[in-house]
């Protein structure tokens, strides 16, 4: 049985030895170990893929023993995941379809190992694509007057479908604090600029005005402060004076979809950890 | 005789035809023509390399005829440069030597076709490198009390050595409006971040705090507004959670020297034009 | 009426002046001019976007006059295209769907301005995607015994649908010389490596064996010599010892689809010219 | 006392636990642990930075105990390095100076933590740069008739100066099997192309002929097979039809010096391991 263990705790001597010794004593074979120490914050991070081939192994038993024998003494926050558990991912979109198409084509090819219980949009334009891929589509319009009702509808859908995490695939609405508190570090957004440069609604126009020679896209976990959550992935491409704003936007689309899909993949493979509004990415 | 012609003017019909016809009628052979129209601003830009092999050709004669026959009717701002004219470049530095070494080694190899009348610094540390390359070094310290005197000394040196343009190779002092007004779009700075993100004095620390996955460097012409002048060149490199601020700085050094040297090369080859605080780069 | 003119001819004095003068005399306004001289080969290339607003303008008239007045004297090969003419693009695929999805989603969004008369495959697996996008799908299996019949079927389909150019979106069959001769520099392939490194059938395995730190993808026009046609676009991404062949392939998929779509876009916008087995790309 | 431990051995269960337990039992605190398993070859690699603050710690004692208690049972090849040990690096050059300047300026700034006992060249042109940096320079010309004598002179110099590793900073001579056997995986070369593409003497000309859109540079350990040793670092930059061979070479120079210096830095920090003609890079 293949497992992934994610751990973080105050940095201290002997952690790696204790954890690897524990895994070994339970019959586990360590396939991959990634570790990081944030020296400034004094925090230790570890990601461990192990294979338990022994018959006697059970996850609840492991949880109990590890908690008592290792996690409590070292003051760890930790979790264990079984490989093969496909997380349930909701997609929120508005009118742009390039990120949605990219996610759905990866899902359809088997490349992206998730379940997609539904697609939700504040507009109705992309319903057709949901139908192309035979996925449920919910149209939840948002206006000044219905904001709270809309949010409740979203939460009800997420709960009913046991959604594990949400991908904002160019969803042009601000996500509410309530939703964020239910899904902390579990809402992935794609921002169409090289954050922190050009935060806000029209980043390509701002980049064009400034005359930059490189544009970027940034995928991050959503926090209450707009465009300021922990960055998961970024990428850039070159531009020149000969490109119009329209060209910036077209080049940006390619960045956005690749960067968002890369971030989603990292999240799904449990390769991201968040601390102090920053990510540790064990890629 | 090889020449480079730089032109900008209000966009209008027939410019290219008029200019190329004029060159042709004077016996010039066009080697390269680059052209750009800023549609928003309605401005036309052109860079033309031509070869005049005919005996009768003279630059003053060309200037007079082109001004009257073409430049005035089309309301052009323009200039002509002879290839072989090596511009005179002053280098301002403080304590970091990586950009200085990079510029001087290119100069020494003959790659960078300039004259370097002197190196100027507000500190004395890098005098030894000037001596390595047998170049004059002026130590012009700057303090709160002597700012104006120091600036006058700088201006006197620049004038005495007939300096055409200035390179700030990690010069950690703010250049004064007076100097900028004497060298408009002729002072090239290297900023150690991907502008406009992380302007200010400690960009690598800010980038580290924000947890970005990519860092950059930006070379730009100096204007009165700090870190806001027309961008000439930018480049980036990837970073991760495993890098410390010190690593960011080390990786940044490589970016800074390459990006600055690239910008200087573009300037020297007359491949940059400035309009509306942006550059047209005919690379 | 917006037009794009593509020209190449032996390099000689006065071409630009003659062409731009001709355009101007016919009432055309030059929007963009790109020009290149291959000094080694002595060949001149030009791409000219012009706008003819005058009522009297007719393409046949322009063709006749330009041919007689300009093209013949300068020994040009040339063509003029009207903007708004959507070229007809056939897509050939086998079993991988990532490039197909990327092309179709761009087509569906209106980003890729082509007509797609059909998708053709030597397998039947991707029929479902054609149906998703409501496009005709032809299954033309190829075996040792039916190669000639299959080729004739392909040619008949291409002719019947008046196809202008063909995109091989991971089509795992060698295209025959006959087909290439009917579509010279009009068949665009994506090769899953940084050509010329790792030509052949299993480039990611070869790259993995060699222990490279960067992998790439290359889009090129198909010529008789395998993997050796004129390169249109290339891009790369980093890999490390921690990546398996499977990771190489997954990272490669992202490269392949972006590079192929970029090459198709360049071709559709008439920004590519071919000479001496190389491309001039006016991007 | 800070140490770096490098280990490789057949992959087997319990290694990490055994090694980290041993370190811990000797009073060591693990600062960084990087580990990799080559699944195909069944080989385990580890790099461990540890800090031993206890008074009783001695390297010879550690060596003996680790060898007997851990290395022999697990069939390890391993080594331990003390931080602060500056390796002794000889530089071999010919006529190009850009890589030499880059290495020397990093050395001079304290960025590159090595000793440089001498620079050796088959030509005399770069003697001046050695003098600029006050380093010994040996001119060892090589001709058909003196090849063996020259090699013996090289070996004598390397031995006399206790050289740990050699950097070929654009050294345009083939290194002999004898020298390679004395310095296995300890001679670092920079090849001016994206290997394996364009091996051989004139890669930029070959890249230009092929019409590639990206060029690269590759740093690798030297093995008997030319241009085929384990790759340490690679990087690339874009080119276009508008660049001449001379432009390729100029752009390549920037790549070469950065890539070579990056590889040297990785080697000096003991972040490279070699197995099966490939590198594991713990960066």
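As written, the chain order gives the labels A, B, C and D, with residue 1 at the start of each chain.
To be clear about the criterion, a contact is a pair of C-beta atoms (placed from the backbone, for glycine too) under 8 Å apart; a residue touches a chain by one contact, two chains touch by 3 or more.
As the structure is a computational prediction, the values presented were derived from the model and not from experiment.
Common neighbours of subunit C and subunit D under the contact definition above: A, B. Taking the mean of C-alpha positions as each chain's centre, the chain lying farthest from the centre of subunit D is C. Averaged C-alpha coordinates give centres for subunit B and subunit D that are 36 Å from one another. Shared interface positions of subunit B, i.e. residues touching 2 or more other chains, are not present.
For subunit A in complex with subunit B, the touching residues are 36, 38-39, 194-198, 210-214, 216, 230-236, 240-242, 244, 277-281, 283. Remark: subunit D residues 97-98, 101-102, 105-106, 108-109, 111, 132-133, 250, 253-254, 258, 261-262 touch subunit B in the complex.
Within the complex formed with subunit D, the residues of subunit A that make contact are 13-14, 16-17, 20-21, 23-24, 29-33, 35, 37, 238.
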